[in-house]
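Labels for the chains are A, B, C, D and E, by order of writing; each one numbers its residues from 1.
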Amino acid sequence: MEALDEIKVRIEAAIPGARLEIIPNPGPANQSSLLLDHAHASTVARFLRDDPALRLDYCSNVTGVDWLERTVKKKVKVKKVVEGEEKELEETREEIFSGYLEAVYHLYSMAHKHGPLVVRLRTRDRAEGAHLPSLTPVWRSAEFQEREIYDLYGIHFDGHPDLRRILMWDEFTDHPMRKDYREPDDYEYEPTPHDDVLEKAKQHYVPRPAQDGTANIAAQ
Amino acid sequence: MASAPPIDEGLRSELQKQGIWVTSMQELYNWGRRNSIWPLQFGLACCAIEMIATAASRYDLARFGGEVFRPSPRQADLMIVAGTVTKKMAPQIVRLYNQMPDPKYVISMGACAISGGPFKQGYNVLKGIDRYIPVDVYIPGCPPRPEALLHAFMELQRKIDGQKLTGTGKAAFLDKTVPSEFPVPAFGAHDLEPPANADVFHPPKIERH
Amino acid sequence: MSLSTRAQHSAVEAPPGMPSRLDGELLEVSMGPQHPSTHGVFRMNVALEGEVVRRLKPVFGYLHRNHEKIGENTSYLGSMPYTDRLDYICSMSNNWGYALSVEKLAGIEVPERAEYLRVILAELTRLVNHASLLGFLLSDMGAWGTPLMYAFRERENILDLFESLSGSRMMCDYMRFGGCRCDLPPGWMERARKVVDGFPHFLDEFEQLITGNEILIARTQEVGKLSAELAISAGITGPGLRASGVNYDLRKVDGYGFYPRFKFRVPLGEHGDCYDRLMMRVLELRETLGILRQAMDDLPAGPIMNPKVKIRAFKPPVGEAYGRIEAPKGELGFYLISDGSGNPYRYRVRPPSLINLTVLEDMCLGHTVADVMVILGSIDIVMGEVDR
Amino acid sequence: MMIGAGILKGMAVTGRNFIGSYFEKDRLTTVQYPEERDVLPENSRNFPFLVYDTNDPEAGLRCVACKICEKECPPQCIYIEKSADKKPDYMGKPQFYPATFDIDISVCMSCQICVEVCPFEAIKMDKVYELSRRERFDALLMRRTDLAKSNSYYHSIHPLEAEQVDATLAAAAAKKKPAPTPAPPASG
Amino acid sequence: MPDPYFFLVIFGAVAFVFPVMPLALAWLWRRFFQPPKPGAGKNATYECGVESLGEAQIQFHSHYYLYAIIFLIFDVEAIFLVPFAVAFTGLPFGAFIAILVFLLLLLEGLVWAWGKGCLSWVK
């Protein structure tokens, strides 16, 4: 399979309005990905599937990812004039990335047997109305996986034939895989709690009965 | 046995030497029920595979009279809760328990069925089936070995053997006041309602400073 | 139309909503979470007309144990024992899938001996999985328990090997990032060779028991046909895909874990019906024995663990990776996003069983209720992996 | 071939197995559990236990309450409270010891990660599996006293591994004889 | 020799007591030892652990009605054959011809139904 930027160029040639962006993958796995815009997502997907050179006819994996608001501290080398002479200064600059919800598609080709092309769809609005174009009409294997992303992340896929909850029960209203999901505090007999479980368990502890004698002092 | 033994042991062994067997209605009744427990064919997760391995040829459950796995709860005496009980599955398990005829027992097999086990921090995992139905024998382990399930089977048989037919401490299923049916939890917006059945589930309070 | 037929016709007028008065309504049946042959807690809402399936909606989630949420709150090493509980019949290949993905994420090499051990253990798991599946499929078809007893007798021998190597029968937790946890105990290889040499005899006996059986042929041929295009589009992988004639086996395509060094063939079916899927497993058992003999013959000596990799505070560099292996049920993939900390930011498992169920309804429409069980059995699902 | 031939061949296999079980002993695979038990292989593991050296479980306990296993345990089923005072360990260096060391075996998944990460060879995997109880809460919480088992018991269940561990500990002790700071080796 | 009908009375009594005895014992056991505990949940229809959705008394497709009719051929036919078989030795040849005609007529009905495909279960 040719390199990602060549594919990007060919897609932009084939589909004029498509706005594509390459997201680099810093890790050693070097599987960089292609960010699609909502309007042309399905046309680009159909192109990827039907293009004779690519023939990406097999969508292996569809994953939902929730990126929270994050502030990244970066050490930036800044030239500053200090007491009259130039000096290289280390300055930690805080950069705020706004949160977004994401669906990542790993595409393979069974015809040419070549490797993953990673396609991403992002939506900034993390409230209840997050919408993304569904690629199930293009690859049937995305049907259950997109339903799972709707169930656990709350992304509505437009154009999905049968968008229902797949794993949780229908009366469930939350989206549990989001990073800011707090599960109901059903405390119950926690004999071995530590760190966050300990905090939750603390409010339910019966205060130790006042024991006179040294045992109590030693245990404090 | 708190009360006086129905038959004097010395007399009984004496008669046995002559080839005469003496027993009481209760012993006969318990002996019959103890050696023909029909488990419900009901596996949830990995422990179910170990339960099938126990019923297979090497660790033979048939030697304890328990190899007849009945798919329908109407013909089952024992429900082996083998595997993780999720909140979506809990109402179904309580409904199956309700639909079983009365002398019924529950073995909670595996860490997940006792306390949620390794998946205890999951949002969809019930922290143990004894929140909704009374459990007779608990088997720790993840999954417990087939011999551990056989040991629990023998433990359950000892428990059945100890049940009395009459008198104050008689068996639960003979006592009119003891309910043989428990309310099925409903699916709520965030969790099951009620999260636990108060009159079945009594966790001890932990004193900690 | 003469008067009498018109009068007669008006009497037979179909009430609204029903195509013709002769047709029956649909009977809603739930083949529910507690069912002898749904391989776990899997539910299907089936609408029946008489005995013919008209609509089939699968319902999942009864074993949704939040594997991915727990994976995000646990360290990389801590998630390894959880992968045993994904597909709880093939714990070794789940470990390998997870270890492979983390090694791709962090760029770790694996010494040769460890790679050979992984191939041997994954192929032993394939033996267990395919033999057990044939047993379960025959039980679904009514041969209650007999083939299952044969399969579980062989399974016990292989579980003894796993227990003496990793410590536990089913939950091995044996592979680490960059190799394996401990080396073979003395005498293990001889016992493994004895099991592998005894397996063809079991296979001949098993094939004689099932494949010639007329009832089995009548119940599985022309049942649940799956075309190659629909299989590819629906992302079916593993023996189910090869039964429809598509030559796609990750051991050949990706060539991971020294598989190119071994000579083995990939069986392909033509019709894509239940009989082909069943025969895929029977033929793959034979091929797996071939791989096992080759791997056992030239198992090199040497270290089994990459010394540079830390077990405890293991922090892979920032980035993401998607690794996949040919698990006995299909393509098992792990997609990991690392933000440099000890816990993965996103831990996603690509479940072959769930995606193989995408076309369950398409295969079952028009068949009778009894065939639904055969079709479900031939897809080979395990609920721990479907619901994660 | 005759229409019923496949079914007859299948029945022939079952027949041969049934008759064969009277003559070939290896066809009888049943382990009569309570009377006859399987000898568990050496690496077999069920639940953890704490090792103590001398025959006094209090003083000889190798565990120094460093809480690494508590942090690394995936299902978080270990609870350790450090003691206030110190006691000398096998090398004579005063170390903390766990005042309470609970393992909730109704949560433990016997994955032996605590054994792998313990730098002091203090926790090993046991082979006892007959632990079914009639009550859940108190009976399935193993406290320090139930967990502590002697090194000789450890030798009896994992002979090879125990020797290897003793060899490494002895080597560490010998190397560090002059300076009393022990350098415990990575676990086996 | 007591009256021959006396044996019939004993036979009738044993025939009556034999099935009723276990039922009586069960009733006694239920009455004194094990009180029944019926309940809404216990008596609900069992459907794999789920509340059964939709009701079962629905209208079936008409082609199943044909099976009832075809079954009639065999069932009623058997009833007519029983007295014939019992008295078979004492009957003249004419009776044999009559029953033969009766059988062939019904057989012809079955062959017609089979030809028309009414016996194929799955449409």
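Throughout what follows, a contact is a pair of C-beta atoms (placed from the backbone, for glycine too) under 8 Å apart; a residue touches a chain by one contact, two chains touch by 3 or more.
None of these values were measured; they are calculated from a predicted model.
Shared contact partners of chain C and chain D, listed by label: A, B.
A count of contacting C-beta pairs for C-E and for B-D identifies B-D as the more extensively joined pair.
Compare each chain's C-alpha centroid with the centroid of every protein C-alpha atom shown, and the nearest one belongs to C. Put simply, the C-alpha centre of chain D and that of chain E have 62 angstrom between them. Chain B and chain E have Cα centroids lying 39 Å from one another. Note: centroid distance chain A to chain C, computed from Cα atoms, is 27 Å. The centroid of the Cα atoms in chain A and the matching centroid in chain B are 44 Å apart. For chain C, residues that reach two or more other chains under the stated contact definition are 32-35, 61, 64, 66, 69, 81-82, 153, 156, 171, 387.
Shared contact sites, meaning residues of chain A that touch two or more other chains, fall at 167-169, 176, 189, 191, 197. Shared contact sites, meaning residues of chain B that touch two or more other chains, fall at 57-58, 88, 92, 96, 115, 118, 121, 123-124, 128, 142, 145, 203-204. You'll find the chains touch as A-B, A-C, A-D, B-C, B-D, B-E, C-D, C-E. Note for the complex: chain E touches chain C at residues 47-50, 52-54, 56, 58-64, 121-123.
Those residues of chain C lying in contact with chain B across their complex are 32-36, 40-41, 61-67, 69-70, 73, 81-82, 85, 88-89, 148-149, 152-153, 155-156, 159, 169-171, 383-384, 387. Chain contact summary for the complex, chain D toward chain C: residues 3-7, 9-10, 12-14, 17, 29, 40-45, 68, 72-74, 109-113, 116-117, 125, 160, 188.
Chain contact summary for the complex, chain E toward chain B: residues 33-35, 37, 39, 41-42, 44, 46, 49-51.
Contacts from chain A toward chain B in the complex involve residues 167-174, 176, 181, 183-184, 186, 188-191, 197, 205-209, 219-220.
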